[in-house]
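The same chain A turns up in both complexes below, where it pairs with chain B and then with chain C.
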Partner chain A sequence: MQLASVWNLLVTGTLRGGLYALMAVGLALIMGVINVNSFMHGELYMIGAYAGWLAHVILGFDPILSIISAALISFIVGVLMEKVFFHPLRRKSGEEWLFNAYLVTVGLSFVLQNIALVVFKPVYRGIPNYWEGSIQLSPTMGISIDRMMSFLIAVVAIGAFWLFLRRTKMGRAIRAVAEDARGAMLVGIELNNIYTLSFGLSSMLAGIAGAGLLSLIPAYPTMGGVPLAKSWYVVILAGLGNVRGAIIGGFIVGMLESISYYALGAGWQDVVSVVILILILLVKPSGLFGSEVKGVLER
Partner chain B sequence: MHKTHENTSAIGLGTRLLARLRSVGLSIPILAFFVMLAILPLFVKDEYILRLLVISLLFGAQAMAFNFTTGFINVINFGFAGFVGLGAYTSALLVIELGVSPWLGFIGGTIAAGVLGFLTGLLTLRLRGIYAACMAWFVQIALMGLATVNVDLTRGALGLVVPPLGSTLHTAPYFYILLLMSVGIYVVLTMIVNSNVGLAFRAIGQNLLAARTSGVNPTRYKVINWTIACAVAGLLGSFYAHFIGILTPDMMHFKHTVEVLALAYIGGRGTLWGGLIASFLVTPTFEYLKPLMAVRLIIYGFLLILVMMVYPRGLSGIIQGIGKRIKGHGEKGTARKTETGIEG
Partner chain C sequence: MLEIKNLNSGYGHLQVLWDVSLKVSEGEFLALLGPNGAGKTTLLRTITGVVQPWAGEIEFMGQRIRGLPTPQIAKTGISFITEDLNLFGGMSVRENLVLGAYTGRDKKKIRESLDYVLDLFPVLGERQNQLAGTLSGGERKMLAVGRGLMSDPRLLLVDEPSLGLAPMLVLSVFKALQELRQKGVTILLVEQNVNMSLQIAERGYILEQGRIVLEGQSAALLEDEHVKGAYLGLGTGEA
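Up next, the complex of A and B:
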């Protein structure tokens, strides 16, 4: 294996890792705070990608502004979803609501995908790049500025989110609810607001992933399927509801996948993923960074 | 004198037979439904409608197997389409590569899906339900990848041509074979559900902790349930292979799992017959709406959401509600075991 191909593996692996980490963090947040298994995360990513495309190509916004507007739109979509579907469900279904919510996310994913199909038609809506030019480290090893920026955006988004969770009052409230919802309620945290906020933030992170990687992965109605599967893979690998684990796990899976893709080709790469997951579940079922989530044995 | 005696014994025999049938889930309405299906091909000669009936029955039977897991032990099999596909490809490849009879292929497909189901279940069912769901999903993705990549064996996306079951080109024989299979599956699953094992399933599904404290080993029963459902998926997949005649990896796509899931839920979670009846309503309707393209899938998704949000007990809940109201006038307060599933 030549140095250049090792370099390429590293670059694509890290980029994929950034995408998976962004997606998985949002998923882990919902898992940890609300305990809902979300299967519409891939569609929120798709919404982000379309929003980014609309802002950049149709409205002619500059790259950073496009990504910010995509983030805002997906945040709003997330909030609306929570208010329209999950909030009433939580009030109505009582104990069963988690399981019902889980299925509603499946239905919503199906609906959103097909709405995109009707609105945007099955056409790839991509852009060649947000930024031009590249940095050459040597004649064979280089990285385009566009990819570097995508990666930077992922890192900045994750970093900002991390700081938000750690340093702000609202972030602390979210963590408190994740740890013990009833206790948090007793000290005066409004649970409904936290749930809505978490939903919004989680979909915002997915939206940033979609818009930030638009130059690599064009917007398409069914584009959410693969990132959804991968982010679930990361979340299970890292431990359910574990945000820190999801970040590290995202990069591990991204790298792993690039290597197995290089060595074995598509198709087998999925088999490798399953085999690794089997090994981990055999040895350490709570995940690599085993976390404590409420009611670990339940549902 | 002698004659009346004979009469009463005949009636006694009849009631005993009915009671016997009811204990395996074949209560009068269900029996009537199956009989109606059985005589339908005598009147319907249109091949297109017959094929539609086969597809509806196939989806309904899949929804039954799906509900057997989801409705009773509260675990969703997200890789369901993968197990169906494994059964289909196993049966097809056995027939093509080894030249065995399709009937042996059916057995092979069932065993293959059952074994894979057993292994994934053994690994993940001691954990939260989401682990089994996701594991099955990843296995399905891997199977789909393998079917796409191994072009030498499966011909990948080009499609594997599968020989039919016999020399006939008509659909009616297929319909009868599938009907027999479906009735068989229904009866077997109902018997399991009504047995002590089924009681354990329900206990686990309703309250895991209480089940554990009363000495039920949840993992064991979950694995039993999961394996049976996967094996049934494999059996139905084998039939699908020989009926449809061509297999592509796309048949294992996640969207097909969602279709079966939606049917199971529209039919009503925790009943076996709900999905079957729902399939005969939903599948032809959506076939009819085919010109609407993606819009019908939006409707489909919304239907699932609507059921979940407004009436989680689904079609069977509505039917049971009506049935109870009718019965309420006749025999009041006679507590009887429901045919299948969770009541209330």
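Up next, the complex of A and C:
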């Protein structure tokens, strides 16, 4: 195998890994904290992409500002979704919460896709690149600044989020609610605020993914389907609700897909991925990093 | 300090507490005793809002807390050490303790509370960075009590701390509770271990089948015929 191919493989794998990690982390967060099995996560990615497009192409913001704007809009959308749909639903659902919440996300996914279809039309809204130029390490090994920046943005976003969870009071509170909601209440943590914040953060991360990769993946109403599937795949592989696992898992999956693509060809990526998932679940049903098979209802 | 009047509470359609009234005075060490299933845990849960009461009044420091959500009740200065402990298993001992002080703003005070708790339970200091889920049963209990103390509570509700503990550990937990009493913390202890509880508490209530059946100073309760027969194994053969 030539060095150039290996290089391309690494670059693609890492970039994909970054995307998958960003998406999966958000999904793992809301599964762990709020017990929402979200099937609308792809649409939050889509909203981020359109927001980034609007900011950069229509309003002319520079790349970084566009992505930050998209992040803010995604966060606000997430907060609104939680307050308008999930908060009232939780009060009324009781034991049927899991299923009800899941259904609501499916419905919202459908609605959001169609709103995008009406507003933005079935036209690809993309950009050739955010940044010009490339860095050449050798005549056959180069990387466009655009791709490098996309990756860096993903890494910074994940890194910042990780630090937030580990080092800040709010981050600790979020982790506490995921560990033991009653214990969290007993130390004075307002659960509703945590739920809203978590959903907002989860949406924000998906939105950063959407806006950050706009130059590679243009905005389109149904663009959320594949990222949704990949997010779920990573989360199942890593262990449901496991945030750290989602990050590592995202990169593993990204690299795995890239290797399959180069070794076996385009059609085989998903086959390899699913086969490996099945094998791992046979041996360790709780996922690579999951600690035990704890029913979500047992939290 | 805490006044409960005619409290009725339960789960779903099952009523557990029937017209329960009790008082806790500031600085007291009060024991709430009774057999399994009497409703002791339900009473603590109702006070702290984990279970919403059906009827009756709960007043803490002159403020009506009945019907308030649990986090708000926690903020009034009531700390509930549950039977299940409700620890944050995937987080370190230190993080659990720090979270105990979640409602506090004064960093210096929180630092002082942490030092106090680590002094009270030295083993927690040794295992500061260990995950709470990996601690032994006794250590977990100590962590739960320690976490409850981090908010510098006015009233401590402790649910069956001796359950499942080796006798030596039971002694150290009770010793810690007594130390707290010296510090001025009001304690409501729920226990099945009647003998030991009445040795350290000043006053007690006996709850049976959701109703308060007896009340009095510990010394008096220890001499009471019913208590002796039902709980201390010193019956004379009569009910």
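The rule we apply is simple: the second predicted complex is superposed on the first by the 291 of 299 C-alpha atoms of A that agree within 3 Å, B and C clash if a C-alpha of one lies under 4 Å from a C-alpha of the other, contacts with A are read in each partner's own complex, and residues count from 1 in each chain.
One rule holds in what follows: contacts are C-beta pairs under 8 Å (C-beta built on N, C-alpha and C of every residue); 3 or more make two chains touch, one makes a residue touch a chain.
No experiment lies behind these values; they were computed from the predicted model shown.
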Partner chain(s) touched by A:G60 [first = chain B, second = chain C, both, neither]: neither
Which of chain B and chain C A:L281 touches, first, second, both or neither: first
First, second, both or neither for A:P139, with chain B first and chain C second: neither
Chain B versus chain C as contact partner of A:L191, first or second or both or neither: second
Partner chain(s) touched by A:P128 [first = chain B, second = chain C, both, neither]: neither
Partner chain in contact with A:A176 - chain B first, chain C second, else both or neither: second
Partner, of chain C and chain B, that touches more residues belonging to chain A: B
Partner chain in contact with A:G107 - chain B first, chain C second, else both or neither: first
Chain B/chain C common contact set on chain A: none
Complex contacts: residues of chain C adjacent to chain A: 48, 50, 69-71, 74-75, 79-80, 82, 84-91, 95, 98-100, 102-103, 147, 151
Sites on chain B touched by chain A in the complex: 74, 76, 123-124, 126-131, 133-135, 137-139, 141-142, 144-146, 148-150, 208-209, 254-255, 258, 261-262, 265, 293-295, 297-298, 300-302, 304-305, 308-309, 312
Residues of chain A defined as touching chain B within the complex: 37, 85, 88-89, 92-93, 96, 99-100, 102-104, 106-111, 113-115, 117-118, 225, 229, 232-233, 236, 240, 265-271, 273-274, 277-278, 281-282, 285, 296-299
Chain A residues touching chain C - in the complex, by the definition given at the top: 169, 172-173, 175-176, 179-180, 182-191, 291
